[in-house]
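In the two assemblies presented below, subunit A is common to both, partnered first by subunit B and then by subunit C.
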Partner chain A sequence: MVVKYLRKAYTNFATYIYDIPPRMLALLLIMIFALLPMTRALDSSTLMMLRDASVMAILAASWDLLVGRTGQMSLGHALFIGIGGYSSALLFMHFGWPVWMVIPVSMLAGAVVALLIGLPCLRVKGSYLALLTLAFPLLLERAVYYFRDVTKAEEGIPPPPRLPAFFQGLIRLDARIAEYYLTLSLMVISAIILYKIANSKRGMVFVSILDDELASKACGINVTNYKLLAFVISGLFASLSGCVAVYISSFANPSFFGIRWSVLPLVVTIFGGIGTIYGPIVGTYIYYFLDMYVFRKIINISEWHYFGLTWEYATFLIFILIVIIFILKWPRGIARAVVEKLEDLEEARPIEELEQKMAKAD
Partner chain B sequence: MIEGIILHGILSSCTFALLASGFTLSYGVSGIINLTHGAFFMIGTYFYSILLDVFSISIPAEFSILSLILPVIASTILTGIVASIYYRLTLHQILGDELATLVVSISGCIVFQQMIYLIFGSLWGMQLPVPELLSGNITIWNVSISYSRVLAAVTSFCLFVALWLLIATTKTGKAMKALSQDHEAAMLMGISTEKMYMLTAAISAGLSSIAGVMIVSSTTRVGSAIMWLQPLAISFAIVVLGGLGSLKGTLVGGLIFGFSRTIVELTVPLGGAIVDAVPFLILLCVLVVRPKGLFGKRVEMED
Partner chain C sequence: MHLLEVENLTKRFGGLTAVGNLSFYVDAGEIFGIIGPNGAGKTTLFNLITGYLKPDSGKIRLNGEDITGLPPHKIANKGLARTFQIVRPFRHLPTIANIIVALNSPRGKKKIEWIKTAERKAMEMLEDVGLSEMMLEPAENLSHGDLKRLEIARAMALEPDIVLLDEPFGGLSPIETEYMVKSIQRMHLDGYTIVIVEHKLQALMRLIKKVMVIHYGEKIAEGTPEEIAENQKVIEVYLGKAI
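Showing the complex of A and B:
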């Protein structure tokens, strides 16, 4: 019954919405998101949730360019969050640079680091590559503890001025709303750039490396250069995400290199679908939405005390379990699994009808 | 200084080699790189420290030695059971798919990590005390070494030899070797793949758990929920050094790793802070110079 209605809804969706060019659809979504704060329907916690989601969406999209498009498995994108965060915080603390200079420089730092780690990483493949990339954030985390004079280790680097202060002067807005707009616009800009790159001629080369490295080599493509390019682009945008994260959380501490930030892109990609750039972005919003509304507001998990357990941590556990289940069952992501399921049903319908008719005839 | 490096190096190498042997066994037999190996180190030590409490209450004081040994055995068995169930439920279904195995096994680590967070709550609650297996120190060549480290090294070495004997002599070991050499031919000979793989998963997790117990009983506390990452990196570094799937290589890799770690710890200023970075540096160097590992990649299981 439910499936029937879902299928009907999907057929309508596919016939009416798919005809609209994706560009328009994206524009519509962006406009809805841009107008949301005007309606005063959002409280500050929702604004904060959307703000964090926007920052993480940049990370997830950049991860998808490297992993979903080029097929270079990375479990170490926390590295770029850390590099972006620490470089911007350090630049501010030691040189007092303004925001508009710090952001490009820390993006550049992320790109340089991506180039440096890309060189050794390109020599290995598959599991080795994943393990090697997993190692880098931990190395850097150790380095943060080792050079504690510069980085202040556990204490973290004292807060740089909050980013929106710079914009608030220009457009008189509440701090939360200013942050929301800023992160949203950065997300939209980087998503558009990443999407354009992924669908450009070079982006096609990335996909060819994913599909068959040997064949692309045989076609005269310099695979090494393209892999490095993917690393650098991914690092550039991931460190932008780290840079913004430090400005909105106003603290740079070793948790920026934490395993959580390396695993999160994976989780949200499973929610949204791999290799599409927009999939992980949608997935990030779904993830944060579920985290905020279902787990915190509706069932209020942090107030639970059953069996003496700390249920707060069950949220991420459930997300990871969902990831495992979906990789075992539908390895290409939830969104695509649902769509494929519905399309299969749609194709299967005439045959079912035919069978029913034949059964009647008999 | 030299004496210290040699003694500490040998003692720590044995335990590290034991830790990595499980990893190499699981790769050698079933051909999967099971990253959850590190998590079994962690849950093994947590099982151990919980069981210590249970057994110390239920066992009378005159058999106090039993209340130390029984938890070791019980935690090893428990970890083995958990590992084989985990293997059957997840990794067995995606055999041969490298990327999916990778993602699922790293997610498995996070699952166990979150479970530890869930049960113990805060960072302070996670740190449980673990007694030394043997108290007291021994002095060799003017280097003071605690008895528990010697015990750990000896136990590890014995278990390593036992594993080698298991593979080289017993029927089960032969089945494992057969599976690693030719999966399909082994199945035709009537070896149950599923059972053997589950057994392998259990043995490798058990070895990891014993290594964990040995290591935590010389540091006298169970640390945090991130404890899976460090052992995973160590075992991967050792296995890559020695070549995947070769027990001899694992021993050599363990020695190289143990010594380099000890050298960094004892000679570099503030070495304690960066000693955790050693496995990653080794991994990086080896993979950059020789992407297939120091002794080349061996797919077959060797004695």
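Showing the complex of A and C:
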């Protein structure tokens, strides 16, 4: 009985993962990330960097579903970081809700906001849509300052109890490691869901809207509904990202609506490969890695005050320059380039085997 | 009751009357041709019928139901499919997924038992137009002739009551034209009602039983191909007046 079950599991593994090199690579990467903390090779600051990267990878992947797959330009995904962050912080502060209730409710809040702003936004197209979406986080940032009795403005909302405490009790772990595992697993789950949605039969409709809206209409597709659907799904996951961000950064403050969170998904997605879902995730990790180990070493943080730029923006600008150089060589993204190489290898394999067999026959 | 009925349809762009007071009808099982010189308003007429443009006045009825001014996707779901004069494939999607998009529409879903059969159905549609070998190729790698056939397969995926083909022979080589004629004939034998707008009269005249000629948005003649070929007014429109 058990043997039969195991054999079936193995067959499934061999067919759906082992035989497809990109999936195998993804599995290996996930395993490496899962085992990393156990080697004790990572110090606490690296763990924090990886944790932040996992959270922002969710944001970038959700952005990619909306922009890369459906073609609806959004420059205002910071809106969802803010909505997710503030709704979870406020829900805790005013009602004292536990974590497992706050997260789904904030995600729903993000989805509802996505629906509400999607309705007027989707009347316009292209760069007009981008400009319109750009405005919403800026508006809400002002609103945070305006309603300071509720939001406490720049002071921020005091920290809710740390999210991992929830898990720490179960499996006695260091707080940093618990956060790391939690964000990593949330990222993997969201990424798989988003990837499945994007590559489902229904997900093909999203790409058809990106390619040719008129032709989708001729196919009997209600284009507006599908665009709204993409907006809502994207908002749902982006606000999850904001929700987790508030738990780990421990303060919901106006910078959650900052333009940085709107531009970051765009840059990392172009870097990793737009429309792939996995591309932005890879891009985010690379950005955070470079940010910590390269840029911050180059720029002396304390002395950086040229042009009124903070060091965060300065390192970001350097990254954008690097992305520009990279897209000259890999215009469709580096993660996509790697995956396409792997797929080519896979396609080449049977011919090699055939050639070997023929050589033996000779 | 006619399958498609167009009554006193008018569309003006500023001072220009693109379609003026045009009436015609198509019966079930017919192949109906619409011809006319460049700028006669043929494509505008198609866009009016399929909902891409809103008429200034007039009525369009499908199966006796008024469809004037409905959005394009609703009209498609009521059973009126179309192709485009300039091919509009979903370039990033594999060929087979182009069909699956159409099967995602409410009408496409009603016709098939979803999940299980969508792929099989899409493969059949591709086989019908001879594209099954290109199934997994991205549509951007297909040749122009293949894309023309893909357009038709995509429209047929809705299993429409009536199909509007906008210049199906445009830009095709003689061999591809021949193939297309055969495809349309087979669709006709399968019982589909077809409306064709076309420039290539030679290929068209072999297919159709009834043809309408329009010029500056107005109907100048209607009848069998033989009648049209002898119509003095039509000859004038195409070749100019005798001096």
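The criterion applied here is as follows: the second predicted complex is superposed on the first by the 283 of 362 C-alpha atoms of A that agree within 3 Å, B and C clash if a C-alpha of one lies under 4 Å from a C-alpha of the other, contacts with A are read in each partner's own complex, and residues count from 1 in each chain.
The rule we apply is simple: a contact is a pair of C-beta atoms (placed from the backbone, for glycine too) under 8 Å apart; a residue touches a chain by one contact, two chains touch by 3 or more.
Since this is a predicted model, take the numbers as computed values, not measurements.
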Quick one: name whichever of subunit B and subunit C touches more residues of subunit A.
B
If we overlay the two complexes on their shared chain A, which of subunit B and subunit C does A:I327 touch? Say first, second, both or neither.
first
When the two structures are overlaid on chain A, which partner does A:I221 contact: first (subunit B), second (subunit C), both, or neither?
second
Given the touch rule stated above, what does A:K201 touch, subunit B (first), subunit C (second), both, or neither?
second
So, A:G275: does it touch subunit B (first), subunit C (second), both, or neither?
second
A:M73 in the overlay: touching subunit B, subunit C, both, or neither? Say first, second, both or neither.
first
With the two complexes superposed on chain A, say which partner A:D212 touches: subunit B (first), subunit C (second), both, or neither.
second
Show which residues of subunit A lie in contact with subunit B when the two form their complex.
73, 75, 120, 123-124, 126-128, 130-132, 134-136, 138-139, 142-143, 145-146, 259, 263, 266, 309-311, 313-314, 316-317, 320-321, 323-324, 327-328, 331
Given the complex, residues on subunit C that touch subunit A span 50, 52, 71-73, 76-77, 81-84, 88-93, 97-98, 100-108, 115, 118, 154-155, 157-158
Which residues of subunit A touch subunit C once you look at their complex with the stated criterion?
201-202, 204-205, 207-208, 210-212, 214-223, 275
In their complex, what parts of subunit B are in touch with subunit A?
33, 35, 90, 93-94, 97-104, 106-108, 110-111, 114-115, 117-122, 226, 229, 233, 236, 240, 270, 273-274, 276-277, 279-281, 283-284, 287-288, 291
